[in-house]
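Okay, here's the structure, questions in a sec.
Read from first to last, the chains carry the letters A, B, C and D; within each, the first residue is number 1.
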Amino acid sequence: MEKILDFFNEKDQFAKHCGIKVTEAAAGYAKGEMEIKPHHLNGAGTVHGGALFTLADFIFAVASNSHGQLSLAINANISFFKGQSEGVLTATAKELSINPKLGTYNIEIVNEAGSRIADFTGTVYRKSQAVLCSL
Amino acid sequence: MEKILDFFNEKDQFAKHCGIKVTEAAAGYAKGEMEIKPHHLNGAGTVHGGALFTLADFIFAVASNSHGQLSLAINANISFFKGQSEGVLTATAKELSINPKLGTYNIEIVNEAGSRIADFTGTVYRKSQAVLCSL
Amino acid sequence: MEKILDFFNEKDQFAKHCGIKVTEAAAGYAKGEMEIKPHHLNGAGTVHGGALFTLADFIFAVASNSHGQLSLAINANISFFKGQSEGVLTATAKELSINPKLGTYNIEIVNEAGSRIADFTGTVYRKSQAVLCSL
Amino acid sequence: MEKILDFFNEKDQFAKHCGIKVTEAAAGYAKGEMEIKPHHLNGAGTVHGGALFTLADFIFAVASNSHGQLSLAINANISFFKGQSEGVLTATAKELSINPKLGTYNIEIVNEAGSRIADFTGTVYRKSQAVLCSL
């Protein structure tokens, strides 16, 4: 698990570029965070939907790959609840369903006060290769 | 329209940070692009789902705000069709439906060969303020 | 609340046609069920995605209208986890977010053994009329 | 193709129960219709979201199974644009992407005047069995 954590924090260039870090991972589970910086903002001065999606999507990737089997996102759905301009956002993944070929995860993003900022549901296709070998 | 284009290319910090540019806009329509760079890649070496979503989401924002009425994303759904590691991606928005309070848009992302890379559908809530005043 | 329950069980013709009943409701919450009958099945002999969606959508309508303000569905997303051919399915709604104009709800469908069969997330636009007056 | 059409019109019990018929099918394509009857209405007197979803979902099933390989829905997303109380609704499927394991389809529902009533995007998992053998 430690290896998977390091792997994702090291190898995911776009997550690095966005200042996102995974902090916890276990089978079917992951948690991570992003501190809002000026470069995360949209024209309205709140955190960009793309930054929120990227935070959720990265934690989704860690949770879905946590079983060691390479898992690629098929699709995702995100709802945005309120604008946020500063502070640390936390994303937590929960496994809704898994079978040999498909897995579905819910990722919730909250602010430091614990208010829900966005809610994400995504599905992966699970390949037969192992994560660490194939990457 | 020129003003809305400049406004989005100038004021959206996260789109700038991701190297995304809007190139065309008209009422209910927008088009833009992102050249894939190493910082857009995920751990598997293909463009990150978060980067694809950000490209679509930004073009969605331009198209939905093109009528001059401030429009905020409520939610979005994205399907990923194939991994892409280099070249320029183009996103094109189409207005599916609009009424005084809500608008729904489809955004298609293709690579230079014209192959579909991702498909996005998003809905905005239209506020009563004007875009340029309120921002 | 009793009135809202009766209202939905009486007035929703399609829910009746599909054999769906709401059994509990409270502010931001609802629960209901559907017993699988032959007319709910698809060509593969399992409960049709449209029947699962209808069950979730109806419980979503009750939960979102439970505050007494008329609420109309804008969109919804559903994931299907496993085929089911018989027994009673139960759907439970949870309010993820609410503001004066919009509300988002998660609805989970489980079988009698408690296994997750489908997961639904939907968003409503909240009008200014009251539910019972306007309908 | 004729066999697939008959198969779906005959064997899908829930589509029959809802009065939905597929009228055209070709590789990656299908078209069908539903005449709005009182039993399709919700408490507000407009066609139920579940009936619209069922119409789209059935046409999605025909289009995705049209290649002869058994295809099961993984998930779907639907946006509702306007209430409709009478007339015939037509749903048309378009294939957005296909590979040996996954296929994604867009289904558009219009009324007799050609106005968009709803828009649906769904993804299937393609099994190795043939449709007609396995069903």
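In this section, contacts are C-beta pairs under 8 Å (C-beta built on N, C-alpha and C of every residue); 3 or more make two chains touch, one makes a residue touch a chain.
All values derive from a computational prediction rather than experimental measurement.
S.K.: Could you figure out which pair among C-D, B-D or A-D mirrors the B-C interface, over half of its contact pairs being identical by residue number?
M.R.: Duplicate interface of B-C: A-D.
S.K.: If you average the Cα atoms of subunit A and of subunit C to get two centres, how far apart are those centres in Å?
M.R.: Taking the average C-alpha coordinate of subunit A and of subunit C, the gap between them is 28 Å.
S.K.: Per the centroid of Cα atoms for each chain, what is the distance between subunit A and subunit B, given in Å?
M.R.: Result: the chain centres lie 20 Å from each other.
S.K.: Using mean CA coordinates as chain centres, what's the gap between subunit A and subunit D in Å?
M.R.: 32
S.K.: Got the subunit C residues that touch at least 2 other chains?
M.R.: 74-75, 77, 79, 104, 123
S.K.: Viewed as a graph of touching chains, is the assembly arranged as a line, ring, star, complete set, or other?
M.R.: complete
S.K.: Inside the complex, what are the residues of subunit C that reach subunit A?
M.R.: Listed in rising order, the residues are 77, 79, 81-82, 96-97, 99, 104, 106, 116, 119, 121, 123.
S.K.: Per the contact definition, I'd like the list of subunit C residues that touch subunit B in the complex.
M.R.: Residue list for subunit C touching subunit B: 74-75, 77, 101-102, 104, 123, 125.
S.K.: Using the touch rule from the top, collect the residues of subunit C that touch subunit D in their complex.
M.R.: Residues 7-8, 11-18, 38-45, 47-51, 53-55, 57-58, 61, 70, 72-80, 83, 134-135.
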